[in-house]
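Encoded as structure tokens, the structure appears first; notes follow it.
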Amino acid sequence: MPRTQFWLLSAITLAIVSTIVLLLSYNNNTQGLAGAQDNNDFSKKNIVGGHIPGYSILETSGDVLDPISLNVTIKDAVVDPMKYLREFNYGRVSELPNGTTLREFTLVASDDKVKEISPGVFYNVWTFNGTIPGPTLRATEGDLIRINFINNGSKSHTIHTHGIHKADMDGVFETVGAGGRFTYEFTAEPFGVFPYHCHMQPLEEHIVHGLYGVYIVDPKTPRPPADEMVMVMNGYDTDFDTENNFYTVNGIPYYYMHHPIQIEKGQLVRIYLVNMLEFDPINNFHLHANLYQLYRSGTSLIPDEYTDMVTMSQGERGILEFKYKFPGQYMFHAHKTEFAEKGWMGLFLVKDPMSSVPISNETLIRNNVTVNDYPQELSLDQKRGGDI
Amino acid sequence: MPRTQFWLLSAITLAIVSTIVLLLSYNNNTQGLAGAQDNNDFSKKNIVGGHIPGYSILETSGDVLDPISLNVTIKDAVVDPMKYLREFNYGRVSELPNGTTLREFTLVASDDKVKEISPGVFYNVWTFNGTIPGPTLRATEGDLIRINFINNGSKSHTIHTHGIHKADMDGVFETVGAGGRFTYEFTAEPFGVFPYHCHMQPLEEHIVHGLYGVYIVDPKTPRPPADEMVMVMNGYDTDFDTENNFYTVNGIPYYYMHHPIQIEKGQLVRIYLVNMLEFDPINNFHLHANLYQLYRSGTSLIPDEYTDMVTMSQGERGILEFKYKFPGQYMFHAHKTEFAEKGWMGLFLVKDPMSSVPISNETLIRNNVTVNDYPQELSLDQKRGGDI
Amino acid sequence: MPRTQFWLLSAITLAIVSTIVLLLSYNNNTQGLAGAQDNNDFSKKNIVGGHIPGYSILETSGDVLDPISLNVTIKDAVVDPMKYLREFNYGRVSELPNGTTLREFTLVASDDKVKEISPGVFYNVWTFNGTIPGPTLRATEGDLIRINFINNGSKSHTIHTHGIHKADMDGVFETVGAGGRFTYEFTAEPFGVFPYHCHMQPLEEHIVHGLYGVYIVDPKTPRPPADEMVMVMNGYDTDFDTENNFYTVNGIPYYYMHHPIQIEKGQLVRIYLVNMLEFDPINNFHLHANLYQLYRSGTSLIPDEYTDMVTMSQGERGILEFKYKFPGQYMFHAHKTEFAEKGWMGLFLVKDPMSSVPISNETLIRNNVTVNDYPQELSLDQKRGGDI
């Protein structure tokens, strides 16, 4: 692999882009300030003096050079987080003589690719089906799951799925060597959300390089309709010091800061959240300006807690359900600040389906939204003024 | 700022005070030993041999010089923890035409003060209304909250409140520059306990310096009457190595070891507990000789767990309810030993309202209680002897 | 103490044993490979190509030299984990005049022994009754507990029990010096699972050296019959750098990898799980191929969660209940990889009481199970094929 070339090229690109961004952001800030000084209702009412709208950029701490304002090229990236977000793999479906639904999946492990995991940062990724996280497998309680596992890597790998199954289907003792294959078969039970991951030793190496994904078992009576998405919290240790250099949700740091996840006002959103972060003892998830019903492990239909914060150690997971009452953009991120500032943050863009004024996506990608960008927000604000 | 002078002065003061305390504690220990050798019923029954009552002092590990036996001067301190404990700010209350209660609060950020955070340790604190933690805001579900925010600091700051509100009231994108003002307005919902904090980047800097506080939303049908108090778990990184040097509940390490929180036997105590500790992945709360009903996030009226241990990552919080059946003094502290031994410990002094013999507060402040100090304890002990 | 001799001897023994194990494991691997290439039904159906059955050995990361394949000698060990697992100390029972059951226990602290905590690793252990963890005390709600505590150590020690009791029974202020004695008395309440531990400062030293154990209070109406066991998660800091070098469940790293815990298919298993790990912020427990009902703190009869993962900070605990549907061997371990790979892992060996073909324990101790070792598994597998 021409990794040295990659790095050189990346460094140069980074330098050029940084300069451009610096100049742009300077302009944006100036405009933002000007915007705040405009005599619109919103600023008159709420703001006095030195107000700079927009989420600050070029202000990070630690070893990350302004990644918020840079964008990864999906072509080289280890995953397309927007595609991954709502993509559920239900398998090749057939019916067994006894009426049971059989779902067949194929997972191929590889460990020789170098992919972009953050703008300009390339890393030897170990993947199931080429992405980190691997595909989201989905079934209904009672289905028979068959995973045809092909190890195309140079090392031994397995698939260990959380959930109920026989000992020899556990992906622990049945090591699958380079070029080997294994067929995992088990009944989908119980309903819930589960991680699957390679269980070869040293485990930390196989996990931090990316061999994991999510497996969802739906209850027989399905949960209410919702805008469903999967979020996997992970990290990358790019300098091999057993500390993560980047933190992400769904594989690319800051991705959803550039590309906010569009949802609708009043629509139920359901997140299948799994923590696969290696090295760090815990991870967590904070939702802004809202609370979610939390179903720990997803194994119950009755929520455990109504909150905006959940803490998970590796392998823990849950289902988060919420609706936004107001349009606009809202952050979600780790409340472990270090993780947030090294990439584990994103945005929901809540759109009002009744509103004819679209929120400019252009503006949002700049991450430097001026007050003027929200005309419909302001009218809502005025309306609220009437309420009180 | 004459910080060098402060430090010199502090060092000299520390040296003098340490010597005095050493001498005093030597005497106390001697007295304590003598007390244990007295022929009272308690020691006869329970103790044989080398028994030294009192919580050991001058035995700490790590980089803290005997802070248990030193007392911070409230005049210079960043907060008066005893005043903070039970002080709820209900705002300036008025009624809107539609019958809704409006509660107006004023929060002023500053970032230029140097205050005492531990005996002899002065630190550049960033505060809301001059204290760490900031004032406890309190409202009832459905009230309209208006926070007039004034940034008197030299940096940009905001107020991000956990809870439900509109995007532009979230304190994230609407940066308030030095000298700026912003009015946050939102309906108090849902009921529960929430942190509020500055959301400017680098977030860790704004949080570790102290820009946070607690916001309580009471349910419309109030919780049962109780002795209510607020506890914020935090820390200070005084040498800027992204590791905390001091850990506290309510701003001053060990404060409630010197000044036990007085509560009554049989009285329901309700703690609104919030973890705002920066850098460390988790914090926790252990109550001695008792268990509490735990309401995670405070968003339910049905407790989640009956325990004496709860673990929280930053931003997590809950309500703890308990009663003490027996008078006496009881520790509460982090069960993460490092945090406890660097300041996150305190005492409840449970008083029996029926008892005419008061527990000497003088004695307790010495943190070196002899067995003789509890005559009423002993009679109780004898009575219990009758039970068995 | 002839510690230098111990270390020399240990080093030599380690070298010899390592060599033998290396040779043996080489043979095992070869056999394993051969086994996989046999034409049995299982491998035909599920495996293609380079399949090496058995849990890999000689592949660890960090500072542990191949401990999986080494076995501690129980004679010198700090505890016999198999004996400890299911041993409950109900005390010396008598009845008080008022009908209350009195349970008397004797706990003796010592701090001068050097015991083997991992193969070839000797450590100055501080123990209650000679083992780490100390004995499991067990009572029923409402019983009177009397613990006769004898401090045979050279330092001051106490017993602090989580649960409800009077202030002077809390093991905090009533320091028991070397050679001293103290009688703790309290009513067993509430029902649940609790840690007990020394509360002398510096607490971290007294805990990391081993002064802790488990105290169980059964509800008056007992929980359903089950195969009950106690598991304490702990660690050892053998180089005194305030980081653990070994992690265990029940005192010896990897012990239950060599000696799987035998349980029966379909039998309810109940684990009283307590985390006493010092230094690390959290610990966790992952059960393979199954889920458990989790009762946090054990203080309720209604489970809190159905999961395979629980996270606990020090002092947290719970009850785990599960049944295995299928025979075979199943791992349980920390999902914090570092802890697992430094010793916190074990095996359940689920036996089918209806099956006449015993699973060879010899094979299991080798930790290198070939596919051929499971003839009864294979027939089950074939039968399952019929189900679908």
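Letters A, B and C mark the chains in the order given here, with residues in each chain numbered from 1 onward.
As a working rule, a contact is a pair of C-beta atoms (placed from the backbone, for glycine too) under 8 Å apart; a residue touches a chain by one contact, two chains touch by 3 or more.
None of these values were measured; they are calculated from a predicted model.
The minimum number of touch steps separating chain B from chain C is 1. Where the sister copies chain A and chain C meet, the same residue numbers recur on both sides for under half of the interface positions. Here the CA centre of chain A is 36 Å from the CA centre of chain C. Residue positions of chain B touching 2 or more other chains, listed in rising order: 281-282, 304, 311.
Of all residues in chain C, those touching chain A in their complex are 42, 45-56, 59-61, 280-282, 284, 286, 288-291, 304-309, 311, 325-331, 335-338, 340-341, 350, 369, 371, 374, 377, 380-381, 384, 387-388.
The part of chain C that touches chain B in the complex is made up of residues 96, 98, 100, 102, 144, 151, 156, 160, 162-170, 172-185, 190, 192, 200-205, 207, 278-279, 281-282, 296-297, 299-300, 304, 311-317.
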